[in-house]
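The two complexes that follow have subunit A in common; it is paired with subunit B in the first and with subunit C in the second.
For the complex of A and B:
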């Protein structure tokens, strides 16, 4: 296999929190990302799934170096970006990693013309201006399917779907290698959503992009992803090719997660599965397997020993005591 | 819901709601008719901005004033026109009593500075006149009803100490404490994880059966509405464009908008999306609200407004042979191809 675009090893991100117990203030840690290993090949789309608070955004923020990691390494394109200076990060790495946020309305500056919203990274990094800048922005607009006359409009003059296209054009301006999509379609209507997904797919093929996709909507993840990573309380519990994970998930958590998704073919509420209980605190995660407090197949060993990730098939890994490699 | 002659338990007639803006009155809702029988679940689907929340607020007499204006129509509930009730009557008899509501954001309904107990106590004392031990007993009963664990402990917590799912269960407990006959649930699981969503839906479903409540369930997820509701209505820019048994609407959508909506739901990676080109035509001010995005619209669609018409479709007849006259309605001149 080729050298991966990103190789993450034993990555941890802990946030300090103070808990006030009457007299003593205790310092504790939220273990948002707690020992993650993963590799992303160039040209792949990775779907990151898991319940709210499992650490998806934190993981991505650390990969983008918007947050510093607590431990571990991130090798991007041969360089350990947890160790490089902020200047090096800005000059060499940042332009290669871009992010498209959930709500483009807020991530785009409302008082900026579309020309400048999309052109800002170009004027900063490539010192483009005047006609050259306009032409480059026009070609980006064309690429995301917006008319040229959008150049001199403000973001609020566009619909949600169109604003998302503007955000995509901006993210692609510097021809990045990796694009992080954090809930890219969750604030737009379903017709625009389908078009945005289609656009993202086409751009990926055309430009050879690598995507990391975060979405609560698993049908969106299914549509776009080549490989899926399932997280639970700061850890990866299962990862593998999208079709395998959707059709034959082996980890009890993944199974439960997917059985909870409503689909058009379901007739009855009883076909929807629930997971008992709540997600435990990331400050004091359960011992052993972190899912043991909610797992329908829990065994005595599960609360004592943490299961290691094993290969159940080529490219398909999971961490559960029920599995044998 | 199909027979025009029967009286609905809940019925909206010729309702038209608008908002005052600088450019004049902007119409946002225009519903010719929508009926729900006793004990029936009706799911209203529509994208963001379609007017779903405005409808819920109108029913409850909570439309923001003075911007929101009811221009026309009536909302009959058990024979009474809610739009003709005074604010006092709405507050004393209907809202939070005979009509319960659950909104999409539990944090906005719960007061962050009060504990669960303080919030429930107020409601129960006001509604049932219970105090002290009796009130506590009743509160614990309600928390049990919504299947919250460890209720004695939980009752002293503040909203932020609870998970989204727990908060929504408390909202449901409070909303249904009054033994409502009619429940309006506006995207009650929108901000929850799928894993929590199923549990909340099962809970509402169980309570609906126990109390024989009628439910107006508002959602933007067609699959969910199909699973949860017997009937479904599709709202587009404030107009009901299709209505029928939810099964039939999903399996055999008649209106071009519903068809696009259903085909747009990505099913698998192997299934490519069916449309990628947007057709943007100018809006037809005096015509069909869907004209600007419709692929089959013709000249007359831009000058005439299609009304909801009844269709008798094969799928509706087959899949529900126990129901007489299964009828699907659509507001489109060319719905279903052949007429």
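For the complex of A and C:
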């Protein structure tokens, strides 16, 4: 295989929490991301799925260096971006990794004209201004299918889907290599969702982008992704090609996740198989396999030994004790 | 043609802004009245020399033969102990009060707003230092602090402005800092960080503009309060000095004649009352204008 675009090794991000007892202050750690390895090839779309609180957003924040990692490395373009200075980050890396946030109502500065919102990366990195900036922004607006007269409007004058297009135009302004899509469709209506997904797919082909797609919506992930990564409590439990993960998931958590999708053909809700309980606290994660407290197929070994990721197939990995036997 | 249309597009937002501002302030009767009175006050301040029947009386001319006359057709608000026309002096006083209040509030904002944005935007040690500094200033009663500063600097109108700005800025710093802390976590600030926008630009073009709405409301209501404070300082002899026709000073010098010249203290008092009230009333209207999300177009 050729050189991956981004390679993450043993990445950890712990947040300190203080619990104040009467006489002593105890320092504990929330293990939001706890040892993640992954490789992303150029041109791929990776789908990142998992429940709320499983560490997806933290992983993204660390990938974008919005937060510093605790341990581990992220090699992007031959550069370990967990170590480089903020200046180096700005000069070399930022223009190549961009993000589209979940909620287009908060991801655009309400007091900036669309011209300046989309133009911000251009004025920061390419020092564009005046007419040159307007023209470039106009072509970006055109690319995401918005009218040119949007230039001198404020974000609140647009609908959710249109605002997400603005956010996409901003993310693509510098022609990045990697774009992180943090639940890009979860806060817009269903018809706009389809259009946005279409647009993302087209842009990917046109510009040769690599996507990391985070979503709760498994059908969205299925539609866009080449490979799917399933996370649970700060760890990857299963990863593999999209079709394989969808049709033959081997990890009980992945199976449970896909069984919990309501489908139009269902007669009533009792047909849905959900998993009991909530995600345990990341402060004191369960010993052994982290999923053993909720796993329908739990065995004695699960609470004692943490399962290692093993290859089920050529590029299909899962971490579960069931696979050994 | 392109040159022209580009220019047009560039000023388009500003024009729309003005229209919207006018429309919103015009919706509510009280605000409409306040707006008219404020416009009137501004016009009076600008055209005082033209409107005043005795412009000379506003400064140093004296006219002892007509001293302490009650209101009449010749002297609309009566005259003072030196025979000067009170109407003319109060008109000139509008000019002084508005200018000093705007200067004092503007200066306080100029000090307070960037400090608040820096404190909230940076967090950490910078936040701690700036906020403890505001605590020190806020632990003094504002009028007392202003009195102390202006008596230390020496009594004059300029020093009173400075004194008020110095005792007033921590309020703005606090409001802005509180806003900035919550805005720092918004996604558009994270987006700017992901883009690589330099920190000063994030603070001043993403965080600060989004914190201004409540502080501008506060400031426009404070203009009333500042006019009152300036008048108080002048009343105590620490602000404007005679013969400047400052309203507080007028009331101060009217004390001696309070019992037999009711008009001398009444008219400057009414002037202060109306001005302070309309500025308080307009505050709410300005909040709506400033928030693009509440204006729905």
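Throughout what follows, the second predicted complex is superposed on the first by the 322 of 325 C-alpha atoms of A that agree within 3 Å, B and C clash if a C-alpha of one lies under 4 Å from a C-alpha of the other, contacts with A are read in each partner's own complex, and residues count from 1 in each chain.
Basically, contacts are C-beta pairs under 8 Å (C-beta built on N, C-alpha and C of every residue); 3 or more make two chains touch, one makes a residue touch a chain.
The structure displayed is predicted, hence computed values, not measured ones.
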Room on subunit A for both subunit B and subunit C (clash or fit): fit
Touching partner for A:8 - first (subunit B), second (subunit C), both, neither: neither
Touching partner for A:131 - first (subunit B), second (subunit C), both, neither: second
Contacts of A:81 with subunit B and subunit C, given as first, second, both or neither: neither
Contacts of A:312 with subunit B and subunit C, given as first, second, both or neither: neither
Residues of subunit A touched, compared between subunit B and subunit C (which is higher): B
Which superposed partner A:94 touches (first subunit B, second subunit C, both, neither): second
Which of subunit B and subunit C A:237 touches, first, second, both or neither: neither
Subunit B versus subunit C as contact partner of A:282, first or second or both or neither: neither
Nearest-approach distance, in Å, of subunit C Cα atoms to those of subunit B in the combined model: 8
Interface residues, subunit A side, partner subunit B - complex: 51-52, 145, 160, 187-191, 193-195, 197-199, 216, 218-220, 222-223, 225, 242-243, 246, 256-257, 260-264, 266-269, 271-275, 277-279
Residue ranges of subunit C touching subunit A (in the complex, touch as defined): 6, 9-10, 12-13, 186-188, 190-198, 201, 205-206, 209-210, 292-293, 297
Contacting residues of subunit B [partner subunit A, same complex]: 47-49, 149, 163-166, 193-199, 201-202, 205, 220-224, 226-228, 247, 250, 260-262, 264-269, 273, 275-276, 278, 293
Subunit C partner contacts - residues on subunit A that touch it in the complex: 64, 66, 89-90, 94-95, 97-99, 101-103, 106-113, 120-121, 124-125, 131, 134, 151-152, 154, 156-157, 167, 170
